[in-house]
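The next part holds the structures, each set out as structure tokens.
Common to both upcoming complexes is chain A, partnered first by chain B, then by chain C.
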Partner chain A sequence: MKKGYKNWGPPLLLISPTIIVLGIFVYGLIGANISVSLSNRNSLVPATEFVGLDNYIALFGEERFIHSLQNLGIFTLFFIGGTMIFGFLWAWMLDKGVTAEGVFRSVFLFPMAISFVASGVVWRWLLNSAEGDRASGLNRVFENLGLDFLQNSWWNDPTWGMAAIALPAIWQLAGYVMALFLSGFRGIPEELREAARMDGATEWKLYRYVIFPQLSPVALSALIIVGHMSLKVFDLIMAITKSIYQTEVPATYLWVALTSNDYAKSATIATILLLFVAVVIVPYLIYTARAEKRQG
Partner chain B sequence: MRKPLSIIAGAVALGLVLAGCSSTPSSDPDNADQVEVFTWWASGSEKVGLDALVTVFEEQNPDIEFINASVAGGAGSNAKAALASRLESNDPPDTFQAHAGAELTDYINAGQLQDLSSFYQENGLTDVFPESLIERITVDGAIYSVPSNIHRANVVWANTQVLEDAGIDPMAAPADIDAWLVDLKKLKDAGVETPLALGTEWTQMQLFENVLIADLGAEGYSGLWTGDTAWDDAGVETAIGHYGDLLEYTNSDFAGLDWDAATQIVLDGNAAYNVMGDWAESAFQQAGWTYDNEYTTWATPGTDGVFDFLADSFTLSVGAPHEAAAIDWLTTISSAEGQKAFNLAKGSIPARTDTVAADYPAYQQTAITSFGEDTVVSSLAHGAAASIAWSGDISSAIGKFGADRDAASLLSGLVAAADKAQG
Partner chain C sequence: MSVATGLDKKPSEPTAESHMPQSSAIRARAGLSRTAKYVLLVFFLVIVLMPVYVLIVTSLKPPQDVNPATSWGLPVRWPWEPAFEGGPTGFDNWALAWNALSASIGRTFLLAIPAALIASFLGAMNGFVLARWRFPYADVVFTFILFGMFIPYQAIMTPLVQMKTSLGLPSDVSTLLVVHVIYGLPICTLIFRNYYAGIPHELMEAARMDGSGMLRTFRSIVLPLSLPGFVVTIIWQFTSAWNDFLFALFLSNQNEGPVSLALNNLAQGAQLANYGAAMAGALLASLPTLVVYIVLGKYFIGGLMSGSVKS
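Moving on, here comes the complex of A and B:
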């Protein structure tokens, strides 16, 4: 008995502050948030009754919320696609061997050091949608280069505007994905490539059957990391456009609902966002846990 | 023996962290000679105005200590969030700033504001404030706030040079929206690509409310907020049509511009008109322009004789720790002296009709005259006409229209928003 206590006592004591703080400030508040989302606290007046899923049903019946989901979908698609493609390309090129690799690595990684808000302020100007005389930012560059046909309304486009918002996000995160892929490339032993070449594999076959399978765990991690960041996007949009209908995503809608005192609605959106992120993260956690077990 | 000690140490550390998080307001409920005033006037002309007001207050009440509980940032949204959490925890400031009118609805429904009708009677405010203003800020027979300053939202700011170049007399305002559209077309034909400058969502909402007033008239427009005018009224449809026509003459990048950037387009001579509240005056002053010379203003076409008002106002919280002193503060705000000091500094006009117009600059003089004579209606874009949630829904519908120009969808969005708010 005494021995058992000595075994699990000290570790438990060590992690107990974390457990308590996490328990209150993360899980406790998630619980509180969910309970608000199930109440009729739609104004400053305290909640009077439990309304079940009414807030959720109302939200999904709203054209505005569906629109914010569509925006988020377009943003996520381009953000993930862009970061994965550029990240992979850069990593592949660096892996092929270039002079001054360290310089390129740093250059591609640097944007990540900037906060979304700071880069958003700059991109707000770069992505200014004015064309012609009053053009500024990228549109002005195109005009000066005689590439007028490239001028466009960027995020002001009603349908694909969110793809323009994804540009700065790709610019910031592609370097990070590159670093992940590069470490993946470096983790593949040279012997494997040599062996494949000895067996007469073409370069394409080498990648298809040797390199890509080895990179898939890295790709999955990158996908998860970028994906969950994309679902939570808020600061970048607030910095570029503020909270307006055209670029509204669930996170900015949440903020609007909160500032107009509709606590139940904002809690509902928060819960939905949490579920979205969970859909992305939980399978990944299960997957890594299994992988560890297999190795262990 | 050691372990319990470390637990205690941990608990103490946690306690310290938590204590550090809660700000300690210097307001002391037991000290009656204090008043805590909550605002978002923390910078610029607003801060100057507040300071001027405090000077008058301290002259009138030398014994009372003024505690400035202003919260900066986000055009008041940070302050509103901070205020909501203070009200929630039953720690209200004695008095707080809020837009006069329907934006107070949430606070009133939550029972957080005291009725100030008797204060109005005692100080004779019902006689010195215009009757139509009193009407606008009365809710079920009670008044919950004291306006400190009045702004006008139906003003067109015009660049006289651009208009003259196109052969338009800048001093003659078009009679209605149709006449205005003719002038806009003339300007476009004369080479002014974007004759009407426009900005982000709330400025679109302000332009739309101007068109609503023009097409429905003051009474019809006010009826929209009381339920007397239906949102599917033919006049609203006309207004949506007019608004869509006006958008054809605006700068295409409006969604990304703040109001000052839109006003700047007029200053740069790339646009002839901008519909903006009268805080735009400061931009023209800073550019060194003189009224009726480089620029001029008139009421938005079709809204002549109507004053589309918005106002900052102060409330009296339920459970205010220093109620007597807070009433002294409200007295200063509503006094002729307090209103003059504040409004001269902020560039707005007093709510009182006994104002001496000659004390104010040229633009304000015109506003003071109109305020005394015109029918006052409540501004939608600035919280006077509709509750926060309702105006948020309208703002979203208008932002959508700015992107897709779908008139039917705007109309149904407006009707749905009204049904939700009034239902």
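Moving on, here comes the complex of A and C:
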């Protein structure tokens, strides 16, 4: 590394195509996107002037955009909550040794292999909003079980509809969080548990002072991965409801703006989304890089 | 070398606990909570599999037999029996779905397989130099590459669409192929970097001592050890290209694009009422990735776990 270009020239050359391509298609296009968002390219007519933050101010003044942010917030809350709870619960149950563990694991994880578009087909059916005699899907199950009060209009509700959209998302990703937690559980040295038990720690204290602290890096990873996926949610909503007001989030609003050729607006929404994700991801990347350095 | 998923239980050593004599009361309680755990696990198993049941059952019912009251029930007739004389059968749903999707399924293979191979190969080279043939600021370069994995693709979509239009690029899978290779580079690089970090230093040093150059070391020492890494990245890339909807929707169309667009069109298009065909289509479109998952599950999970960055 110290001996000059003869040593570091070849590896740099080998990796340079990737650096150039990502430089253009990630960083260059992000720059281009920001510049479109600062222009008046609100139609097919090429941009004529720089308008500063006008597009951003206009967007935050829209009831529709605020509603899409609120939807995203509700979705994120339920999605993260659901995947973390079920992911942890499944991992916790499987960790302690279960016959046919592999079967449970594979089944809980399999929805990850399926596209949101395909699962959207069946979930649109399950979340059918018809009630009573015409009910099908989950409402029919509630009807038949005598749990009528649980019947609801699912995603047709403009406020809480997003919680219904979170159900399929939880179904698809809880298994992933389970896998993360399970690897966390399995990474805890058995000696640590034993030592705590020898010291007479109760089961609760064992978890509170030994297991949970050991799991916290995994929980953070899970939180960040699921959280940033949640901010990008698009496919699932398009597959279940298409782009409609009730289930609109910034990503689907962007699609509406772009297909009506309002490039400035779609670019503005995109920049806001990027900022949201960056707030979550950049500290995480820095944290991971530092942790790696400390390990040597 | 194998792929570490971190999920497998370590061979357990006999613990102090297992040597202790247990009273029958304790054992009975343990048995009860054990039963409760299995009941709960099976309950969740049923919940998770429920959508699959719905897909299969509904796909085998001819439209005439679809009615809310019996929507959770099994088909009332064999899938080859028509609902009435000369009427459609359950299998007709599958025929309809196959006709609607088969061309796009072919195109998606032409997209996903090369996208997986090319991105994996480039990722292997990147991972190799980042882990084992380092240069100044390699960590900075790595973070620079990694960021591309987490961005919302919406953040580059507007200029990407404009770029495609101004360059006059086709709306078919060839454009998507390039796009999937480019945006697959970060994760393939990450997976190989972590994988190569596990190759013993001594092997590299020995090659260097022999005066092997970088490319020769890569070709003759590193590549032969790389199969498990390739399986992971190829599966990952194949699955994400196969399941992609976002890029497909913005850059392609249902006549020239991948199966996700054709399926979405089948499910939301003209035959909105025909859930049977839509569900048969969803099953057809999911088959390739499901087969990969069932056959190579361990490697699939290996790719998943790499998303959590830590090696």
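Methods note: the second predicted complex is superposed on the first by the 293 of 296 C-alpha atoms of A that agree within 3 Å, B and C clash if a C-alpha of one lies under 4 Å from a C-alpha of the other, contacts with A are read in each partner's own complex, and residues count from 1 in each chain.
The criterion applied here is as follows: a contact is a pair of C-beta atoms (placed from the backbone, for glycine too) under 8 Å apart; a residue touches a chain by one contact, two chains touch by 3 or more.
In this text the structure is predicted, and so the values were computed from the model without any measurement.
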Quick one: is A:I244 in contact with chain B, with chain C, with both, or with neither? Answer first, second, both or neither. first
Touched chain A residues, chain B compared with chain C: C
With the two complexes superposed on chain A, say which partner A:P158 touches: chain B (first), chain C (second), both, or neither. first
Looking at the overlay, what does A:P17 touch: chain B (first), chain C (second), both, or neither? both
In the overlay, answer first, second, both or neither for which of chain B and chain C A:V256 touches. first
Once the structures are superposed on A, label A:S129 by its partner contacts, choosing first (chain B), second (chain C), both or neither. first
Under the contact rule defined above, give the chain A residues that sit at the interface with chain B and also at the interface with chain C. 17, 21, 124, 130, 133-134, 242, 258
Parts of chain A lying in touch with chain B, wherever the complex brings them together: 13, 17, 21, 42-46, 63-64, 67, 124, 128-134, 153, 155-156, 158, 240-242, 244-246, 248, 256, 258-262
What does chain B use to touch chain A in their complex? 3, 6-7, 10, 14, 77, 80-81, 84, 87, 106-107, 109-110, 112, 193-194, 200-201, 251-253, 255-256, 265, 270, 388-389, 392, 395-400, 402-404, 413
Sort out for me which residues of chain A touch chain C in the complex. 1, 7-8, 10-12, 14-15, 17-19, 21-22, 25-26, 29-30, 32-33, 36, 86, 90, 93-94, 96-98, 101, 104-126, 130, 133-137, 140-141, 144, 171, 175-176, 179-180, 182-183, 186-187, 190, 194, 197-198, 217-218, 221-222, 225, 228, 231-232, 234-235, 238-239, 242, 250-251, 254-255, 258, 263, 266-267, 269-271, 273-274, 277, 281-282, 284-285, 288-289, 291-293
What residues of chain C sit close enough to touch chain A in their complex? 5-10, 12-13, 15-17, 37-38, 40-41, 44-45, 48-49, 51, 54-55, 58, 68-69, 71-72, 122, 125-126, 128-130, 133-136, 138-139, 141-148, 150-163, 182-183, 185-186, 189, 213-215, 239, 242-246, 249-250, 260, 263-264, 267-268, 275, 278-279, 281-283, 285-286, 289-290, 292-294, 297, 300-301, 304-305, 307-311
